[in-house]
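Below is one structure; the comments refer to it alone.
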Amino acid sequence: MRAAIVTQPIDVATLLAEVAALGHGATSLFVGTVRDTHAGRHVTGMEYKAYEAMALHELTAVVAEAEATFPGTQIVCEHRVGELTLGEASVVIAVAHAHRASAFDACRFVIEELKRRVPIWKREHYVDGTRAWIDPTAPAPREAHA
Amino acid sequence: MRAAIVTQPIDVATLLAEVAALGHGATSLFVGTVRDTHAGRHVTGMEYKAYEAMALHELTAVVAEAEATFPGTQIVCEHRVGELTLGEASVVIAVAHAHRASAFDACRFVIEELKRRVPIWKREHYVDGTRAWIDPTAPAPREAHA
Amino acid sequence: MRYRSAMPVRVLLFASYAEALGQDEVAIDTPVHATVADVLAHLRTMPGADRLPPQPLVAINARYARIGDAVHAGDEVAVIPPVAGG
Amino acid sequence: MRYRSAMPVRVLLFASYAEALGQDEVAIDTPVHATVADVLAHLRTMPGADRLPPQPLVAINARYARIGDAVHAGDEVAVIPPVAGG
């Protein structure tokens, strides 16, 4: 397993290679990317900020819990921080296992727990030049949060 | 959407790029690979055979049903046939959506339906030189089917 | 029109079924108004056909079909072993 | 040992909370035997602190903590806005 908070673009192929093993028949990969729309507003870019020491600790704990909950999974997760442009990957999770059910379930587990407890925040940049920190617990005016 | 039965190695990056869009915040990718073990036997290689015209029809139908069941998803799926070596990808499914729940669920839908109804068969090659067509409906002696 | 005449049908076999019958394609003649069941009955007279299950999956012209579905001249009937893709 | 003396604590603020108070780090002095609640009470005397919620998430030395947990000299207390990673 490996978890990291990174400042450079995340390379999906590297993560896939990292979890590959001849005993694995199934790999589930999740990529979170910066969208051009949120809650009905046009987004032009995104800034991710982490409480880095704590984020790395929590992310590592999430990945370790996933591997313990789904025995036999091999998991790697990188979350990017800093300024991201539209379409860039903010998070990538790669999970491999002998069988697909555990690979899917562990991948989902990691992204859900990550969003629940890893101290990372994002600030959206809008067309009009304004910026706003996103509060996922606030009711969204037009659509659910990604 | 796109579905294909292919004879060459599947390129994950191509499929990921194909489903990418600025409105998508989540991509779920599934990769099925040839394992070195099945039902307790050591596998050295795998041959995939399709009833090609029907397999393409069914795979296309599965992907279309997934996009209809999870509106807003963009899905690409390639299944490889022919001789594969250990660790090679036999199937890759890429699903993008604004939000992660639909991306994950549609990806899972495609692999489950594919395994249920797309007319593709696989023959395992064993260390002792023997080969056997796999029947997923037969009880496995030592472990569940991947 | 010639009633009672033989009707040519192409039967495709795959994977373990092709292995059982030692071939992956069989040309057979069935009566007109034949169904998939008639095609299977014909197939069961061939050596190795005892290894086919009682109710195999079938397709007509690359679409899943039922055992009672009508088969027409020139149709391609496939006998489909349990699929194992992915 | 000096009882009743002031105890230095570093408070980290992030995202909207840092924006609210206009800074991302505050050095404060609390009484010995202080808890996270005491640290928050001190923070609430500062301009902009009215934009903090009544019960924010908190961490001590980069681990989630509870409002009643003890704070020690040199600790790093973080006030954690709703997280939004992924």
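Residue numbering begins at 1 within each chain, and the chains themselves are lettered A, B, C and D in the order written.
As a convention for this text, contacts are C-beta pairs under 8 Å (C-beta built on N, C-alpha and C of every residue); 3 or more make two chains touch, one makes a residue touch a chain.
What you are looking at is a predicted structure, and each value in this text was computed from that prediction instead of being measured.
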{"item": "Third chains touching both subunit D and subunit B", "value": "A"}
{"item": "Most widely separated chain from subunit B, with each centre as the mean of CA atoms", "value": "D"}
{"item": "Gap in Å, rounded to a whole number, between the CA centres of subunit D and subunit A", "value": "27"}
{"item": "Between subunit A and subunit C, centroid-to-centroid distance (C-alpha), Å", "value": "50"}
{"item": "Between subunit A and subunit B, centroid-to-centroid distance (C-alpha), Å", "value": "24"}
{"item": "Touching two or more other chains - residues of subunit B", "value": "32, 100, 111, 146"}
{"item": "Residues of subunit D engaged with two or more neighbouring chains", "value": "86"}
{"item": "Pairwise chain contacts, counting only pairs that touch as defined", "value": "A-B, A-D, B-C"}
{"item": "Residues of subunit C touching subunit B in the complex", "value": "12, 14-16, 19, 59, 62-64, 78, 80-86"}
{"item": "Subunit B-touching residues of subunit A, taken from the complex the two chains share", "value": "12-13, 16, 20, 22-37, 86-87, 98-100, 103-104, 107-108, 111, 143-146"}
{"item": "Complex interface listing, subunit A residues touching subunit D", "value": "32, 48-51, 53-55, 57, 79, 90-91, 111, 114-123, 133-138, 146"}
